[in-house]
Amino acid sequence: MLTAILLGFIFSLFLVFAGKFIKGKLAVLSALIPLSLFIYFLSFLPGISEGKVFRQNYEWVPSLGLNLNFSLDGLSLLFTLLITGIGFLVFTYTAAYLKGHDYLDRFYGYLGMFMGAMLGLVLSDNLLSMFIFWELTSISSFFLIGFNNTSEASRKSAILALAITGSGGFLLLAGALLLGNVAGTYSITEMVELSNTIVQDEYYTWIVILLFGAAFTKSAQFPFHFWLPGAMKAPTPVSTYLHSATMVKAGIYLLLRFTPVLGGEELWHTTLLTVGGVTMFYAAVHTLFRTDLKGVLAYSTISVLGLLVFLIGLGTQYALTAAAVYIVVHALYKATLFLVTGIIDHETGSRDVTRLAGLRKVMLPVAIAGFLAAVSSAGMPPTVGFVGKDLVYESTLHFESWSVALTILAIATNVLILYAGFVAGIKPFTGKLPEEYSKVHLPSFLMWTPPLLLAILGIIFGIFPGLIDQSIVKPFVNAVGLNGNAVHLKLWHGFNLVLGLSAVTLALGVLLYIFFKPSAKKEKGIARLDSISPLNLIIGFGNGFREFANWWTRIFQNGFLRNYVSTIILFLVVLVGYAMFTNQNQIPLDLSSFSRMTYYEMIIMGIMFLAILFVVGSRSRLTAVVAMGVVGYAICLMFVIYSAPDLAMTQFSIDTLTVILFVLVLSSLPKYLSISDYKMKIIDGVLSISFGIMITLIALQVLGEPVDKEISNFYAENSYVLAKGKNVVNVILVDFRGVDTLMEISVLTIAAIGVFSLLKLRLRRDDRELKD
Amino acid sequence: MIPQIVIYPLIVQMLLAIILMALWSRINWQRIISISGSILNLGVAVWLFISVWNDGTLTIQAGNWEAPFGITFVADTFAATLVLLTAIAGLAVSSFSAGSVIKPRLKFGFFPIFHFLLLGLNGAFLTGDIFNLYVWFEIIIITSFVLLTIGGEKAQLEGAVKYFTLNILASIVFLTAIAVLYGLTGSLNMADLASKVAEVENRTLVQVNALLFLVGFGIKSALFPLYFWLPASYHTPPSAVSAIFGGLLTKVGVYALVRVFTLIFEIDPFLENVLLAVAVLTLFSGAVGAIVQNNIRKIFSYLVICHIGYMIAGLGMMTEMAIAGAVFYLIHDILVKTNLFMVSGVIYKIKANHNIRKLGDFYADHPKMSLLFAIPIFSLVGIPPLSGFWPKLSLVGEGWSTGNYMVIVGILFASFVTLFVIVKMWGEVFWKSGEKLPQLRNFPYFKNLSKVKKVQMVAPIIMLSFISLYLGFGAENIQTLANRIAFELLDNQEYINAVLRK
Amino acid sequence: MTLDDYLYYIILPVLSLSILLVFIRFFKGPSISDRVVAVDLLVTIGIGIIAIYSILTHQPTFLDIALILALIGFLATVAYSYYIQKRKNK
Amino acid sequence: MTDTFIGIIATLGTLFVLLAGVGILRMPDTYLRMAVTTKAATLGIGLIMVAAAIYFNDLSTTTRVLAVIIFILLTAPVGAHLIGKAAYITGNQLWEKTVMDDLEGKYRKTGKNFSLPRNMDKHKEDH
Amino acid sequence: MKNRFLANLLLTFIWVALTGGFSFANIFFGFVLSYFLLFVITRGAAKARYFKLVPKLISFFFYFIYQLVKANVQVAWEVGTPSFHMKPGIVGVPLDVQSDGQITMLANLITLTPGTLSLDVSEDKKVLYVYSMYITNREDFVKEIKNGFEKRILEISS
Amino acid sequence: MEILLAIIIGTLYASGIYMILRRSLVKLIIGIILLGNGANLLIFLLGRIAKGSPPIIPGDSKVFLDAYSDPLPQALILTAIVISFGLQSFAIVLVKRAHKVVKTDDLDEMNATDEYS
Amino acid sequence: MKTIILRTASNYMLPLLLLFSVFILLRGHYLPGGGFVGGLIASIAWVLHAFANGLGDTRKLLRFHPGFLMPAGLAVSFFSGVAPMIFAGKPFMTGLWYPDSLPIVGNLGSALFFDIGVYLVVQGVTLTIIFSISEST
């Protein structure tokens, strides 16, 4: 299975280096990859239908609990078959659809990567590796949606899609880690065993909310649905593959996968029913107001996704069987419709339903495919869509509460979905062919066979539901934790309530299709409500956030050095002040250990104090520099008094040198500015003084502590004996701590080089652009 | 036998700096010696790493004075790893500089200063003495001042004034902290301090002391609200300089914080709250800053800040797993940020512009290079399984187990914004068809450079990209390393025993 | 009264007083030259204080500092006057 | 005996230093202040140093003291000269009772400088 | 050659005095060091015949001390009493001494004497401008300097 | 005595920061120098001070006979002083160049690198 | 500055100060002083000369760019640190001592060479900085 997943990635990697080969007719050969994978997964069918689960384990990052544990059960198998099967058709279709495109190799690369990621996602038994593949589907879909990268709209939708699914991804990450934390394992199989404890954990609500966040964003549930219509900017093969058949179903997959772990609780059902219900109806209504074929399809897709969530929310055997069937149904007919739309778009250059008509005359096989798909989406017998819809009504009717309301909601949605299917699959082919499209011809068979094949499959499964009943649907239902034998797929259940509801649905749907015509006016009409649409709310929020970001950044990074310094000092003073004054066990200051105060010390300190004030208050630069000199000399005298001759010498020489330096540059230095106003001076003064007081207090506190002179004593005792020097300070400098000194002279050297280059290096004026 | 190997990374860099200084204006020689010296240094760093991996913490006492009397150099796994990363980034930037930095700058000591910087970094990672650490920090900041201002353009100087002032402030705070520490314990050796600080009775003072270190190192590692120097300056010097700055400078601060707070001070609840609050705000503030920028290097600068938050969050939670996450992120970040600034340098050399609104066409014009650049760019975002992803597992996971929900929110928010910003940048720079930019006179466009220079610029990007890929796909190895480092950091007895020869 | 007492209670106070007087001049200025003269004198008196202090503490080592002060204190004066003259020439 | 001797010399030296201190404070113009202080201080410090030399009474200290005295004798007048000249060049006013100025016109173009009241030059400082 | 040798010896002596060690090794080291320094500096040392110089130097020294004390007392009185009796001024003194060394020596001695201050030397080195606290008349003042310090300097250095 | 010294150190820190906040390039440098002096004196003070006992082993003995002051802080300060000197000289020249190139002394006008569009 | 007095004085003081600087350098291991202060005094001597005579004259006297002293001095200090590694297999900066004692200097050892390196570097640094500044104004 690892090989199966990696195949897609290897294929894309191969294209990076050998992309040229695939640009010609060889492109179609790449379809062999999904085909062979399809056959490979098909080979598991017998085993799966017998209830087996196939597993493979590889170690990857065991330290983080992340291993490539793959398991193939009924749920996974359905998805793998969809991914590879529809993948095969899409790969084939693309060879013709994008024939001669400059970046065909890239496109296939992204497709391959996406396929691999999708397979990994549905095969992972390890929650973390599942997350990895989840993210990879997002990122590869980003590249696919933005494939026409010079178009701004295309870029924007790609970013929007990634932003929404990506943020969902982070929720999944958080949820996965929390779940792993609660369960003590990342293995989903083990989590199923631990379901009872997980459900009772205090974090259960959190886990569910986070996973729902991930699933709803990925599967375009209200109010996160809006990225999906936007993603229709992608080339049609992408819309087909990602946005109808596979990627958007990842969220559904996630919900199904975790039904046995997290399901059965009130929170789980209510949320899913509400969100799914709202989504399916809201999106279905939207199809009425779309004139772009892809727009119609996008909203009907959202609607179906809502329906699936709704079904998972019902969670009964009927409902989950319905979900399984519906996944198949939808994949078949929606992929067909997308591919058909793609052909129409490719050949006529238009997707406007108000203008397209009568195309059956020029592309009959396509028309047949469209018709079959539309019928299937309408749930007319003998299509598999009919089977699916019946199961939906069965499940709503059998639900323990609100069954009437839920059924009505389902009917209303199905009516609208029917309408959408007809608009997309029938309307372009019926009626009178406009003049402008008379020259349109049937495209390469590579393009029209895939939709036709899918459409026909929809009929075959409808007539012979047994083909999928035992082999796929039962293991699927088993995999989500229910008994798959309870419900059997049948085309004909006899005359009963459900059949009646189906008939009502069909009748209403057809009536709607006949009397309601899509128009640009209606589309504009609903556009007036855009300002309260989730998309615009999110965009508005985004803009608001951007403004906030701007404000925040300008507040802190405001360009004024003094504000930066004040902020830092304030931060320090507040932190330290808090630590010092909130602490209970303050030790009173012990002054007895301090040395006697003498008048000469006091005079020197007094002079120093005044000199410092003089520096601060001086209005002349030179005076300030001279006063700085006085401060330095006072420090030097202090060093003499407190037994530090080396320091005194150094301080004095350095001070003199600093004065010399100042004096040398002073004439080319700016005037001494005194710009700050009175208020500023007060504020800064208060801040500075509190900083100074803080330092003084710390110093006095430290002085009250006992001293440990072990190290100094070692130096003193061994200075001559071991290091052959009597000036201990010097011995420390050149021997005990010689590394410090070596680095100190390096600092000096670097500073000198810096000064030298600052003063001597001038980039020539005409080389102002000469940057690097 | 004395493990002299501990000090070899310092010897090599110092020797290089001296030789390069002696070859003052012979820049061709300098290029050759810098690159080959960096290769040698990489060899030494690998050797050191392997030795430490096999034999455990190695120490050497400078001047043969036993600890705590002399200055000890300690190579534990953490230090050896960082020295190795410095060697890798150093080699990359050395080559990149040889190709990209213009002659006048090279003639004014670029390479010697650069190797002094690497010397400073190695020293800071290896030293076991707190005052000696200060000295290494000073080497680092003075070299960074010089590298930042070399060429003396207006923007450089404006940025440098702020960079300078705030970094000096950091040094002063650091020095103040050392003064307090010495006043309390009479010792400077970090292993010795570990026990001596624990014995101090006045815990308030110890806490105050820890806060001083936090602020001093916090400024250097660009934490909120101390980071202002970084966005003001990182985009002004040559890209080669931004690369080494972006990759390593703030990380030394992080290293110091991790070292000090695992070895010397213990994190009490107050400190933990401060660290975590600072971490979350750093994540937030950096992310928010990156959103509003249009200059590539400024975007990266804010992301440098933002991502420091991950590491501090890991430090603040103080569990083994969280620290391992922080360390993993540190490893990832050093390589990726270095690489990204080099990428921005190549883009600049090609287009002579840094504004993402004006740039474009990269995907159409340079498909292979775009693909290459995608590696560091998407590693930065942490698209799994690229390198930036893995540490988030540990960090978010520990956020849940320690109940620090704000940290989780911060991490996810920062990850999301990083994703958004990078994707936006990708769209603008690589996908969009850009404006027609005016051709600049005298600008050394990439296409006009000699083949050697092109190779010198692109090869390091390839090298670092491959290492990043290894980090991602070989995450198990890195995680094992990070776990070992975290274990050693939290159980510091091995370090202390190795230093004090107990 | 021992010599130490004499130095401590008589000589050192007088020297300190002198330094204070000079410092007042430094404070008052009014011109920069006056301040430089004052600083020069401060350094000179500092040498005297160091000498007395070295007697008081019996540490001839401190005389070395006096030596350095005598040698290079002068250079600051040179620098100031250099600057003053240069500025005037501009 | 030696102690008394040291005391006397130190007292003399200190008195000269005090003289310089009072002088620099009291004298009315820069030049007078300089004229009063340089020498007084030099002599005073020289005497104090001699006292120290006698006190320690060994060769190396004595040579060091001699060195200090020589240095001061060499540098003090040069320093005074430099500041004096600088003061003159920058236009420090001579005291109002000054009787003659042979340098007049060499560095300053306009007439008599010493007729101005004392503190006018305050405003000439650079701001 | 000879001058350098003398300078060399002088420096060696200062070295020995500073270090306070009269051993052969120290003298030798001082000699080598001074030699090296002089080699670096390459300057002609002052021309002087040392043998005749010594007695004059001694008399000069005492004259200087006398002047120093005399002037200091005068200044002390001026500073110490409440009222001022000064008649300050700047006087240009025409010079007979010619070499830079002599001029410098004269100027420094004048400065060291309280109450006077060498302010400037004219460009052509012919006039020394002296500031003095007590000027009764120009001629007396000039004469005092010329007969005092300048004459003695000429004696010892010619 | 320690109290006075502690106050002086506080004053140095306070005035250093105050000068840095004054918007003027020259004052900025002076502020940095004051802060540096403050930090050095703080090390000195916290290493405990002692009068009249320099850490120099007297002439003919091999070890200290009397009390001696702690040599280690002195060595540290020496290193710190020298490093500050290197930084200060660089700062002085940086300010000189910045003034010449940016043509202002007002730090508030030096904010181009923090601007963005 | 055009003043004969200073120029003449500085010509006498230069050798005196240089001599003194070496003296301070060498005695550092026993008494206050050492490479750092010694180097500063030497540089101050050169700076004084430059003040009095102009930079050109001082440059001529020096004969080489003072910047050269930096790598040279660093090399001296560095090798005195590395020497024990190479010759004795001891750690970096271990003191190596010549068995007999010399006057002034005392025991001859690697520490002295280290200090000499410091002395050279300090001069190189100070002079490079001051000369560059003087030339640029």
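Letters are used for the chains, namely A, B, C, D, E, F and G, taken in the order the chains are written, and counting of residues starts over at 1 for each.
Quick note on the criterion: a residue touches a chain if its C-beta (ideal position, glycine included) is under 8 Å from a C-beta of that chain, and two chains touch if they have at least 3 such contacts.
In UniProt terms the chains read A = Monovalent cation/H+ antiporter subunit A; B = Na+/H+ antiporter subunit D; C = Cation:proton antiporter; D = Monovalent cation/H(+) antiporter subunit G; E = Na+/H+ antiporter subunit E; F = Na+/H+ antiporter subunit C; G = Na+/H+ antiporter subunit B.
These figures come from a predicted structure and were not determined experimentally.
Comparing chain pairs D-G and A-F, the larger number of C-beta contacts belongs to A-F. Look at the CA centroids: the one farthest from the centroid of chain B (Na+/H+ antiporter subunit D) belongs to E. Among the other chains, E has the CA centre that is most remote from the centre of chain A. Distance between chain C (Cation:proton antiporter) and chain G (Na+/H+ antiporter subunit B), defined via averaged C-alpha coordinates, is recorded as 27 Å. Taking each chain's centre as the mean of its C-alpha atoms, chain B (Na+/H+ antiporter subunit D) lies 62 Å from chain E (Na+/H+ antiporter subunit E).
Note: centroid distance chain E (Na+/H+ antiporter subunit E) to chain G (Na+/H+ antiporter subunit B), computed from Cα atoms, is 30 Å.
Residue numbers of chain B (Na+/H+ antiporter subunit D) whose C-beta contacts span two or more other chains: 14, 17, 21, 62-63, 131, 135, 138, 142, 145-146, 149, 152-153, 161-162, 165, 169, 176, 180, 183, 188, 231-232, 292. Within chain F (Na+/H+ antiporter subunit C), the positions touching two or more other chains are listed as 20, 25, 28, 38, 40, 42, 45-46, 48, 51-54, 56, 72, 76, 78-79, 82-83, 86-87, 89-90, 93-97, 107, 110-114.
Counting partner chains per residue, chain A shows two or more touched chains at residues 557, 559, 561, 565, 620-623, 641, 645-646, 649-650, 653-654, 656-657, 660-661, 664-665, 667-668, 671-672, 695, 699, 702-703, 707, 709, 711-712, 715, 726-727, 729, 733, 735-741, 744-756, 758-760. Interface residues of chain F (Na+/H+ antiporter subunit C), counted against chain G (Na+/H+ antiporter subunit B) in their complex, comprise 54, 56, 78, 82, 86, 89, 93, 96.
Every residue of chain F (Na+/H+ antiporter subunit C) that touches chain B (Na+/H+ antiporter subunit D) in the complex is listed here, in rising order: 20, 25, 28, 32, 35-36, 38-40, 42-43, 45-48, 72-73, 76, 79-80, 83, 86-87, 90-91, 94-95, 97-98, 101-102, 107, 110-114, 116-117. Considering their complex, residues 12-13, 16, 19-20, 23, 26-27, 29, 32, 35-36, 39, 42-43, 46, 49-50, 53, 61-62, 64-65, 68-69, 72-73, 75-76, 79-80, 82-83, 86-87, 90 of chain C (Cation:proton antiporter) touch chain A. On chain G (Na+/H+ antiporter subunit B), the positions that touch chain F (Na+/H+ antiporter subunit C) within their shared complex are 30-32, 36, 125, 129, 132-133. Chain C (Cation:proton antiporter) contributes residues 53, 56-59, 61-62 to its touches with chain F (Na+/H+ antiporter subunit C) in the complex.
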